[in-house]
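The structures come next, written out as structure tokens.
The following pair of complexes shares a single chain, chain A, combined with chain B in the former and chain C in the latter.
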Partner chain A sequence: MTGDLLFQQYPFVPHIWDEMKDAEAIRRQYLSIYETVSKLSLQDLEKKDSLASELFMSQGITFTVYSDNEGIERIFPFDIIPRIITSTEWEHIESGIKQRLKALNLFLKDIYNEQQIIKENIVPAALIATCPHFTREIFGIQVPHDIYVHIAGIDLIRGDDGRFYILEDNLRTPSGVSYMLENREVTKRIFPDLLASSNVRMINNYPLLLHDNLVSLVTRQTEDPVIVLLTPGMFNSAYFEHTFLARQMGIQLVEGRDLLVDNQKVYMKTTAGLRQVDVIYRRVDDEFLDPLVFRPDSALGVPGLMSAYRKGNVAIVNALGNGVADDKAVYAYVPAMIKYYLNEEPILPNIPTYQMKNTDEREHVFANMHKMVVKETNQSGGYGMVMGNSATEVELENAKKAILANPRSFIAQPIIQLSTVPCLIDGKLQPRHVDLRPYALCGPNGIDIVPGGLTRVALREGSLVVNSSQGGGSKDTWIVDMEGGH
Partner chain B sequence: MLSRIADSLFWLHRYMERADGMLRLLKTSYILSFDKVQTNSITWEPALKIFTSLSPQEIEVLKKNDTAALQYILTDTDNFNSLKVIVTRARENARGVQDQITKEVWEQVNHFYHLINHPALPEKLSGPDAIVVIDALIHSCDQFCGITDSTMPRGQGWNYMNLGKFTERCLLTAEFTSAFYKKIDFDFTNEQDILYWRSLLLALSGYELHLKNYSNQNHNYNVAQQVLFDRNFPRSLYYAFERAHRYLLEITATNPVEGTAKLDRAFGRLHSYVKFSDLAIIGDPGLEKYLLIIRKELNDFGKLFGQIYFSYS
Partner chain C sequence: MSIFRIHHITKYEYDRPVKESVNNITIYPYQSADQETLQQELVITGNPDVFTYTDYWGNKEGTFNLLTPHREMVIESKLLIRTLALPDIQVPWDVFMPELDAVIGSDLQLLELARASPVKAVSVMYDYINQIAPANKNITQIIADTCDLIYTHFTYIKGITTIESTVDEILEKKAGVCQDFAHVMLELLRMMNIPARYVSGYICPNKNGMRGEGATHAWVEAYIPGYGWAGIDPTNNVWVTNTHVRLAVGRNFTSCSPVKGTFKGPARQSLSVYVSVGYEDGETFEELNSVQLQKQGENEVPEIIIDTFAGQQQQ
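== the complex of A and B ==
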């Protein structure tokens, strides 16, 4: 079979925005892919597909599935056809994310200091007080440059109207950026000519930007500051990413057991004695960071870390307590925050969100359960989610019971048909739903977003859940400057 | 350098050196297993003794079954010193220090790991492809050495890696030598022909050197001379101790913490035990004890070194 036939057989599904094809023809930004792929045979494409798998495997970009006491190495599924976003679309996304992050940073500063936004009744006090990630222990701590969210992985989706919506704000330890970077490296190997001729914007300066931002947080007067990446260890599913980033930035990768706190300063244990640490880019969740303050059973953190943080002797990235801003119930108030702090209208819209503790909204949701997705407010990774259109009656009833028992822990949103892109599956090009996670970096000089992001794909037909823990894969994401404008 | 990193680099190289030594011994044993007529055939016994913790009775049973012996030593995870286990540990150490080793070194360790974990491997080991598999694994070890040498920066990490590598080499040479001399009860007058010693020499990659250097027939003596004291033979005790000591001195000089003087004394004493010795001083019944002391003191040194530099948890 030739590539040309693959495109001819690509279905058009009404009421779903396909990013490659509208009802009539292939969209302009996908023409270069069409031209390249249609000249290839299916065997060529499958060869490229297996080359991509080998590249991931040989670099150890794998996760381990344990069974029968033996670990089996798996790669995260990668689809070779890139996803394309035009530079005009990108500029819209970029300005929307920058605006949103500015507001969220101001919100975090406010909520852990003056709490004006509560006093003025923009955000209900009860909502914040009941948020499990509102961290009283860090109240009043001054963070360098008033930056709380240094790294954000805000998830966007594209609805059937072709518009981008904010799905959720990941402001704690968003992961996946190494896949964004490695996907591009793999594409360079499998579609070198296509990439070179398509005016794709560069993304590989991400680690350098991040490193510059981390250096800017050093407060100690020293020529040779120590910046470390704190990992939970090699059994963490994102361990590859931790090593990747440490290597790309030239910083130390440490575990909790490599650090200690003495006299409110953090040190790492080296073969030449102790060395003071200035900045910790942590990939360990808040609750595990300091067993003296948070979970006492945590072996991943460093006892006394909070005392050093409070004293300002160490910077921690991202700041602690950010979970209050990416709570799924607080999400609904972000447009109000943008209005309140910036006096601007949100550039990127939210998805309508129903608060389950509000009786009217709850009844509306209960009456339309089949059109709703119910989410637990403090869950992520696709867990704690009930899709009304595919759940059984029993599951829906159970969801209702759970909501009634603890309404603050749930929100509901209308199910949005995510946009689709072509994927090479079972020897055919098939449409699959995707989202987009660009990575934004906030530093003292402003917000940088490398032009691209991680496109996550729901590989099962019809599925809207893109999380890797739920059978999702990923794609390289191209931001393309179109010749001759749009 | 973080203590944990130093620890992992040290052990990564110890395990890789052990894998290399094991594979060379296995290849020799495998090829010799075809020569059943050979008198005093040694076949799988030394390898089983050194790389497993089986009882003498179990070894007696296993040594007659080529495939079973090979699979037990290479791929059986019940054997805590099997190649599969060793390489998995090497890879875990490499994974823990991925940011401290070059991408090339990591990919090579990872490649080796996938090679030994290939689902078809145990089956291949039971057929005529066994030697192809062993060769591929040895090749992988060689590549690891070459890639490490050509990509790793010299410095602290390098010193820990090489100290690990050469202390392991000292131990392996002492173990191999001991196993082969034990078979003749450390009796230098019990003359063996070169075919007997060829297996030891091949396992240490020193057979050709031996043929070049020694023309008389006093093999028992010559072989011991070469594997213990030949200063140009890279797997001799003399050479491995020289190198290990050099890296240790670099480490103690750049990391002068409490206890380094003690460490220098302990290793210096042991090194001089090899450096200023010869077969006449050891005397033929003394070889067994001599090798035993070296192994024991090296292990003691390893413990002391770990206490001083790797105490992090």
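== the complex of A and C ==
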């Protein structure tokens, strides 16, 4: 079979936005990949596919899936056909994310200081009072440059109208950026000439940008600041990424036991004695960071770390307490935050979100359970989610019971038919649903978003759940500058 | 108006040297108009710098560390403090729930302090609430009746509960010390949607003698619209006036613990706490408590090298 036939056989599904093909033809941004792939045989493509798998395997690019308290290490499935977004679409996404992050940073500063947005009743006080991630222990702490979200992974989806929507905000320790970078490296190996000839924007300066941002947080007068990446250790699901980023940036990878606090300063234990630490890029959750303040049983953190943070002797990235801003029930108020803090209309819309605490909204959801996805406000990674269109009646009834028992812990949203892109599966090009997680970096000089992101794909036919923990895969994501306008 | 001289010594001893001890202390008087700190002297082993700050609830807290190996750590506070409250409390007896509901709705701290924590023995709690019969009563009456109920139904016994005892465990034993009395009262008030907070401090003696003398004490403050936070002590069944000295307020004991810390080293620790409270130039009441810490067994040396401790139960 030739590549050309693969494209001819690619199905058109009405009512779903396919990013490669509309009802008539292949979209312009996919023509270069079409031209390349259509000249290849299926055998060539499958060879590239297995080359890609071998590259991932040999580099040890893995993640861990948790279930029943057991961790299983897996290769992150990769699909060789890139996902392509035009630079015009990208500029819209970029401006929308920047606007959102500006508002979310202002919200975090407000909520941990003056709380004006509550006093003016824009965000209900009850919502914050019941938010498990509202972190009283950091109240009043001044963070450098008022930046709380240094690194954001905001998830976007594309609806059947072709528009991009915000799915969720990940403002704590968003992961996956190493896959974005590694996917590109693999694409370079399997389609060596295509990236340049297709005018794909570069993403490989991400570690450099991140490092620059971390350096910008140093307040100590020193020529040789110490920046470390704090990992929970090798059993963490994202340990590969921690080692990858530390190596790429040339910073030390440390665990809690490698650090100590003396008189509100953090030190790293080295063979040459103690060295003061200026910035900690931590991949340890808030509640494990300081056993003196948070969970006393945590051995992953550093006792006294919060006092050094409070005194301004160490910067912590991301700030603590960000979970109050990416709570799934607080999400519904982000458009209101944008209006309140920036006096602007949201560029990227939210998905309509029903608060289960509100009786009218809850009854509407219960009457339309088959069209709804129910999510736990406090969960991520696709855990704690019920899809109304595929759940059994028993599962739906259980979801209703759980909601009634604890309404604040759930929201519901109408199920959105995510856009599809072509994937090479079983010797055919098949449409599969995707989302997009661009990585934004907020520094004192503004917000940088490397052009691209992690496209996650639901590899099972018809599935709308893209999370890697739920059997999703990923794709290289191209932002292409189209010659001669759009 | 009274002036009290308070002496509070917290002493940790270890059977082998420990190191990298990092501690948090909440033993400064709470800053408010009704008590005035005349003098506080703090002496700590090794004479470390103490970094102080104000927490979310408005308490002054301090952090310090002792990195070098040591077998003993003593935190000694000498306090001279004047209480300015009147000997009789002037709470209003004509404020009702609808007024409170209107105030709580938009106030974050009142909302969170009116939110009950999950208790397993819900029916037991509702039985108590039925006895209090809050319907149509004014708020001050509800608070007083709740206090009275706990004082009547619970027995004051030292040593049968611990610093970590839950409300369910206290309900089952129907006994405990001031910390436990306060925790039950907080939950009952919150279940009736009355904002309530834990108070840690000292109680100063009177002629009749009071429970909780000679140790750090704990009681409750409940919110009454138009008045503010009214202190009430379920261990002694009295409104709080000028014989209680406040150190800290919070959601529960955890946010007010006078001393907590961590250290490294495979050692057994023992804690003793000495508190004496006296009128300036007057009678002194004192007590020394050896505290059985939870984490240590008699014969085993813990394998873990980081240990945490949360100090003494409030009595």
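Just a few scattered comments:
Operating definition for what follows: the second predicted complex is superposed on the first by the 474 of 486 C-alpha atoms of A that agree within 3 Å, B and C clash if a C-alpha of one lies under 4 Å from a C-alpha of the other, contacts with A are read in each partner's own complex, and residues count from 1 in each chain.
Heads up, the rule we're going with is that a contact is a pair of C-beta atoms (placed from the backbone, for glycine too) under 8 Å apart; a residue touches a chain by one contact, two chains touch by 3 or more.
Given the structure is predicted, the values throughout are model-derived calculations rather than measurements.
After superposition on chain A, the partners chain B and chain C are seen to fit next to each other with no clash. In the superposition on chain A, contact of A:272 is made with chain B only, not with chain C.
With both structures placed on the common chain, the touch criterion links A:57 to chain B but leaves chain C unconnected. Shared-chain residue A:14: touches no atom of chain B or chain C.
Look at A:311: by the touch rule set out above, it reaches chain C but stays clear of chain B. By the touch criterion defined above, A:446 reaches neither chain B nor chain C. By the touch criterion defined above, A:253 lies against chain B but remains apart from chain C after alignment on the C-alpha atoms of chain A.
For the three-chain arrangement built by superposition, the Cα-centre angle with chain A at its corner and chain B and chain C at its ends equals 90°, in steps of 10. The overlay of the two complexes leaves chain B and chain C separated by a minimum Cα distance of 8 Å. Shared interface residues of chain A (contacting chain B in one complex, chain C in the other): none. Residues of chain A that touch chain C in their complex: 115, 118-119, 121, 125-126, 128-130, 136-137, 139-140, 260-264, 291-293, 296-297, 299, 303-304, 307, 310-311. The touching residues of chain A, when paired with chain B in their complex, are 57-60, 69-70, 73, 233-234, 239, 243, 246-247, 251-255, 257-258, 268-273.
On the side of chain B, the complex with chain A involves touching residues 1-4, 6, 77, 92, 95-100, 103, 106-107, 110-111, 114, 117, 156, 160, 251, 254-257, 309, 312-313. Contact residues of chain C toward chain A in the complex are 20, 22-24, 48-49, 51, 53-57, 63, 65, 67, 105-108, 111-112, 115, 255, 260-262, 304, 306, 308, 310.
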